[in-house]
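To start, the structure under review is shown below, and the notes come after it.
Going in written order, the chains are labelled A, B, C and D, and every chain counts its residues from 1.
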């Protein structure tokens, strides 16, 4: 690490994550209060740890004075939804917002990763007002179904353990789990219209 | 409805739900801070709506002056976990707690419902301290994997819409989705040991 | 009331209050993390009740179709600080922000109300992103010392009870309390420099 | 420090603070929902920092293996109220609760400290359910008016800066501020009955 004060470096990203979480949670509540279907099931967020930022910078050859533009997911937001179809709706909402601007999109649903990873990532520019003035930061918004998220969380920890050398047996099982997750998403989509209609009728059915 | 003030009737249940949510969320944080595996993924809670309480009382023939003992899920807590194996661990934690006592258990995992519904329910007695003194209320704690929860939420809304007359086509698809959810749980269990070991290594991997 | 759906009318204001609370609380945390003095002690917010909006509209002769521009405090934020001197610092921060614009200022500190009321109000325009698109709403930000706030809360309830006819005896006592609050602020200012220096040293002194 | 894992040492205290905050906040909401006056204005809590625990242990000659019984404020809760009269009401509520037991009371209102410090402290035993089983911890509940709290916060930071040697000039000003705070409480008490009646009428007057 250089002499930089890393905890201060993260401050605007922490702020961005806090604000974005509130905003997407509010979008969900707003739709519920309008008695409309919410494509958002729940929202989480995190700021990348310093050690992970530095690892990634090294891996991607990002110079230390270009971390802010070179590492796009220092601020990370994850939006979970029930149906694959919801992902597009959420992406459209994000495109239309005037408080952030879309930089680019990585569509790992259309282009599933070899490992089985499916998710939809939007990189946005988002301005925060700090004690030192206005500052624009990058944030990565990941949009996924619950099944995609379940699988991805697990793959992430396995890869972390085995680095790039996942044993064949495990790789095969992980791949089977990805198929099961995909199958669940497919079955769900096939009854989606029925479900959406019935959830309109019965909004507060579930534990919140 | 009788002349009762229903919003006051619900006060101790609201309190129970608030406290139980904090307690189970704290159990999760505690385990994380001890660097131990947490069987709890996340926790939600809700108080049953008055109209649903009255519907259920009528359906189960519970007299209006015995709602507190006859309707066991006025206070409801739901604990979601990653693996089927975690359910037992959580149930054991609950048995050992001295701030609540287990009344009885409904195991819909060993005894899957005909519809495909799987979940583990524990009915507990929990004392709350109100402005009017101490009061013991019943609460239902539902423990499920994420896949079980996903399916159950959807089945619940479909049943609500179609009452007891779910069309055959839909019933069949719902049953297929239950199988896909079950399959996902199976695949996950098969790689569980690997995953648990790797999650130990990599605790803060995921977006919180 | 006209046929309008009032709960939907309030949605953008609720969103503004949520976001502004997070933003000012974050400003406080940011300063603490930078080891700088925070002029913000704590932040609260509320959306005006429909009945109060309609009362005020009638009192101020605001036509029903101009509530959004005519009633400036439908979204209300209150920022409490320790010292009279902090109020100016907070006002300067607000002026510099690029996510809201100041419409005008009511300085009831320089121009104390006859009743004894002291407070500093900033009316801002703040854009929120709703499910229906971007929308600019008015919000009132009230900045006060803790002593001013204490007194104002009490005066507010007394006026509500007695409308415009506060008994002389009570008016006199309220005026004495205003003096005591003012005196407390004066004494605090006189030892302010010492205090600010010592609070720097001892940031996490107080219960959060 | 000895070899102890301090972050684990604090876990049950963190849990106690979380639970107690929720419980006292709920008491406030419950009373509001019952349309009764709430003696509780707001509630904060903190866990003492390790360094402060060790300082205090040294100052009070508490052996390192008796910290849990010798330092009574590792878990600290602060309850703020509007009127001096509310303090007694809150203390009575605490005495009657069955989820904690009062160990002893320090009444610095009847027995004001020489410095001018006024506050009411209740030391309680409170059982928490940890992952390792049930555990009883001590907690200190401080009850104060807003004016007492304002003054105490400031005195605390000044004492921290000057240790035991506060300059005479400052000591005198601090004493004057204590008088102003006391005077404010007196004035408030004198109009208390009027205020309580009017706040009943006008419950949601204030920003929350």
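Structure notes:
The definition used in the following text is that a contact is a pair of C-beta atoms (placed from the backbone, for glycine too) under 8 Å apart; a residue touches a chain by one contact, two chains touch by 3 or more.
Because the structure is predicted, anything quoted here is derived from the model rather than measured.
When every chain is reduced to the mean of its CA atoms, the largest separation from subunit A belongs to D. Here the spacing of subunit A and subunit C, counted between their Cα centres, is 36 Å. For the pair subunit C and subunit D, the distance between C-alpha centroids works out to 26 Å. Our note on geometry: subunit A versus subunit D, Cα centroid distance of 41 Å, whole angstroms.
Multi-chain contact residues of subunit C (touching two or more other chains) are absent. With chains as nodes and touching pairs as edges, the resulting graph is a single ring in which every chain has exactly two contacts. The complete set of chain-chain contacts reads A-B, A-C, B-D, C-D.
The touching residues of subunit A, counted against subunit B in their complex, run 44-46, 49, 76-78, 82, 142, 146-147, 150, 153-154, 156-158, 160-162, 170, 173-174, 176-177, 180-181, 183-184, 186-188, 190-191, 194-195, 197-199, 201-202, 204-208. On subunit D, the positions that touch subunit B within their shared complex are 7-8, 11, 14-15, 18-19, 22-23, 26-27, 30-31, 33-34, 36, 93, 96-99, 127, 129-131, 133-134.
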